[in-house]
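Below: one structure in structure tokens.
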């Protein structure tokens, strides 16, 4: 995860379009990562990697479209008013090394780690930015990542904590 | 009751004795000894009340059981005298001379079980079932369900489903687990 | 006779000055609170068990299909049928109300109903709307008035003190008298049959217990479940969750009655009662895994006269029943009797033969007409929290297997178990026994994300674990396996779980970090889930097969995307013995159908 | 065809008895006439008929005919489970159905070894006495009506209706109560039942006062009833006579006293007896017995335990099997000894049920004896005085 570098890149941006461009770029990178990973993992868990790629694609599409909209400020303002809450679950998950034959749990852990890092990054950007459309945008992005992370957490539980009979 | 039965056992051949309650006992007696026993109970032991006379069909043993239930109203106790009759020669001596009311019971037994009591007044007259030609209906081999199905028509529109069979039909129609 | 007798009757005239006593408005006289009037039925509470129909001595009740009514659907625990009452026959005795298993059927105090069409006096209470539907007054079954015994006959069991220092079986089994009393409680509705994965003829074998005809009972059992002895002891008994008696009392002890039948028939007679195999067909089947699914399929196919070879990686058959379930729940002897019976049908066993290592899949494919994969779920899932890679952090399933394999484990002084399922209880209770034997004291802590009400474990297991001094701490989220400076494991750090499900009832725990605890343990055992080890398939076959969200994709009959390969048991259905038996049956049926189809084509 | 000539003839001359003892009645002789009283004759209690042979206006022979209401209950019960028999037994006696419920339940309980809760016994006794009052009230109306006094029936029907209200609130039904079932009774008394019952009892007593003045102190009734239908006490055993008919003849037999069942050993009462043994004496015994029931109900309600179960724990009734055995349970109903003879064979169904209704002996052998030489117009009064409920004859 290129947190440090991304943080610096984003912090220096001053327009909404620019920030969204970088954010979109991150999503594209993630999508490409999963797409490339898919054929390498066992067919048994390939569905999982493919789904993650699709989800990143959806984010990519969402940010791209948002960038095109004229009422971008309004849109963002609306969504940051109801932020998702972080369940703080992934704090306790190791970020694994994805070797040659990762299992489903490792893939999910990896994905969770990514989302978690992204969420934190946008959150800290939002905190360090004075109030205004830029701050709202960071909050919006943080919220998007939080939601995605929450979704992944649920899936993680369903896969891993099947209850032991 | 116990003492009475012991005394009776010395005088009569009682093949079975069941003390059902403190005040109710059943004994089984032979055909020859029925009349002397009833007379003894009525005249010597105070069992003056003929409570009822009826039959039980033990078809699997080919036996009709006649039960003469006698009551001692003063002592407040009863004794059921049981007599086993071969089902295929269902005929018994009448006791209407001991208790006139026995004629009614014997007439009913003749009609409902086909047990004959020669000499009993009006024993062959119809009692409850005027014009009945079928098997005596209180015999176990008379099938009431069959009779009613043959005699009456079911109401239209009655149909029922078995829950388990219906659930199989709806939930797992193709599964067959007969091993 | 006197003058008085002539005059006295004139007293009657005083009635001229009396108020009339007749009811002024007889059409609107309300009947009493308890009046037995027209029926009402709470159709959402009703389960369509038909007990009302069974008790009706007039034959006034039919169980009829009700289509398109909200709240009524044929599903496990509800036949979807509802009673229709013919008032041409009903005698208002209310035995149907008294016996109703859910108390859904009641009577209003309405007694007036005028119609020209006699067929109108036949309706489905609660479905055909009537003006008395919501009338409160009327006959309801009084408290304490029961026509069936609501309480289960208690199963004789070892007391905690008697059982905690050994692996002796806890449950004693019913006596004939107890079993009859328990069997008597069953109302023979058959609602449970649909819930049983293998649809055992439950009411029929319970009635065999009532009749004391155990040989008939055994035949019924083995016609549908060759693991009847085992299921009689450790079945998950989902049937009991839908038992009609469970609505207003204890469900029938279906599992214990099954066990009772198997205990009453001398084992030597089993084979004759069940019947042997048909003449040999020459068809060959290879089965991988000698657990309930594999052995059920083996049983069915061998009885059809096919040549069945079972490949088992371990030294004994039984699968999870042999290596996963502790002996105090399921003695080895029971498993062995079951396996011997199945093997006696002409099944060839290859023990200690690991497919993928000792013999290859391709080989099996070539040598057989069909191959069945019944490999279970033998890989334990881990939390992978920090510190979880410590050598004293174990997977429950591995430890259980080592204990069942006879390994002399040296129990830790203290242990923490993560998980609230049956496997967690099994390992907690097994290690507790070892601790008691070796150290005289028990120190086992069991933590789980769920609160006790949502534990996946059988409530009986939870109750018995507490009796055995297992310290159960629910609603804890594992955070870290903590070691001291010397690298010695000291315990599990956890957070309080605030809530566990989201509004769609998906797993989504939230934590209170301020409530942090350290549960001391020299060992930490993870019992949170299991998965299949499918490495035996090899890369090529794995790639060739179709998968469904991490599991082998199979159709309803257990057929994979490869025409020669079937899969059954835990690896397709998830962990459950009786479901494994059910899939074993359907795979056998499917394989048999394939043979028949081929035969028809060749003919 | 009341021929004056026959009327004047010496009674002992006809009809002649044949050597075998039967009456020599030659219908073609023109001396005799067959007259069917019933079925459904206003003077007949229910669906039964008497085939009268009359000579002038005097009966020389009477034969009871029953079967108009035969439903074969005893046979029907052989294919019903023990619990399923419970709702049908009440139909064997419409005006006083509770004895069927009680005797059947008690017989099943005895053979099944079932002990019923104490409170259930009290409630059972209460119901049986309530039923007795109803039965007597109906009888009084019938007895008076048989001699042309319609108004008595109107008054007693009113009082009976009040008692039916109490039945309704207690049991949930007015006629077929279906309340006493094997194991106990369905439910406890409803709230405030005692007070309402007391009001009803007072109204019953008030009605009885009027009935006493207009019926029992009535020259017409006395003229018709006194001396009619004399039952010789010697006949009591020969004809299986029980209840008020026996007690009217001075034979103080009452099952409640002779073989106390339920809670009768804890109640204070003496059997009501008469001396004259005619229609009037029997009516008076019943009237006084009715008042005694009023007293018994008061005793029961005051002595009854307030708390406690009213139903024993039953096995699942759907599979209820009872070991082989036989028993006889009796009770003192308004007409005499009511009894159930139950035989079980270990299955889930009764092997044989025999219902002994008092009308069986009273309305058959006894009536046929008493009816000879009675005036046609007195036949109805005589029959009613035996208090006959035909369904218990033919079941």
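Labels A, B, C and D are assigned to the chains in the order they are written; within every chain, residues are numbered from 1.
Quick note on the criterion: contacts are C-beta pairs under 8 Å (C-beta built on N, C-alpha and C of every residue); 3 or more make two chains touch, one makes a residue touch a chain.
Keep in mind the model is a prediction, meaning the values are calculated, not measured.
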Chain whose average C-alpha position is farthest from chain D's own: A
Centre-of-Cα separation between chain C and chain A, whole angstrom: 42
Rounded Å distance between chain B and chain D, as computed from the means of their C-alpha atoms: 23
Averaged-CA centre spacing for the pair chain C and chain B, given as whole angstrom: 48
Gap in Å, rounded to a whole number, between the CA centres of chain D and chain A: 91
Touching two or more other chains - residues of chain D: none
Chain pairs that touch, as defined at the top of this document: A-C, B-C, B-D, C-D
Chain A-facing residues of chain C, complex: 380-386, 396-397, 419-424, 449, 456, 477-480, 502, 506-511, 513, 527-530, 534, 539, 542-543, 545, 547-550, 574-576
Parts of chain C lying in touch with chain D, wherever the complex brings them together: 1, 4-6, 8-9, 11-12, 15, 21, 31-36, 51, 54-55, 57-58, 91-95, 98-99, 139, 142, 144-149, 181, 184-188, 210
In the complex with chain D, residue positions of chain B that touch it: 18, 20-21, 23-24, 26, 48-52, 54-57, 67, 69, 73-74, 76-78, 80, 99-101, 103-104, 126-130, 137-138, 140, 142, 144-145
In the complex, chain A residues that touch chain C: 42-48, 85, 87-89, 92-94, 96, 104-105, 109, 150, 153-154, 157-165
Chain C - residues contacting chain B, complex: 48-50, 53, 61-65, 74-76, 79-81, 86, 88, 119, 122, 189-191, 193-194, 198-200, 203, 222-224, 300, 303, 556, 585-586, 589
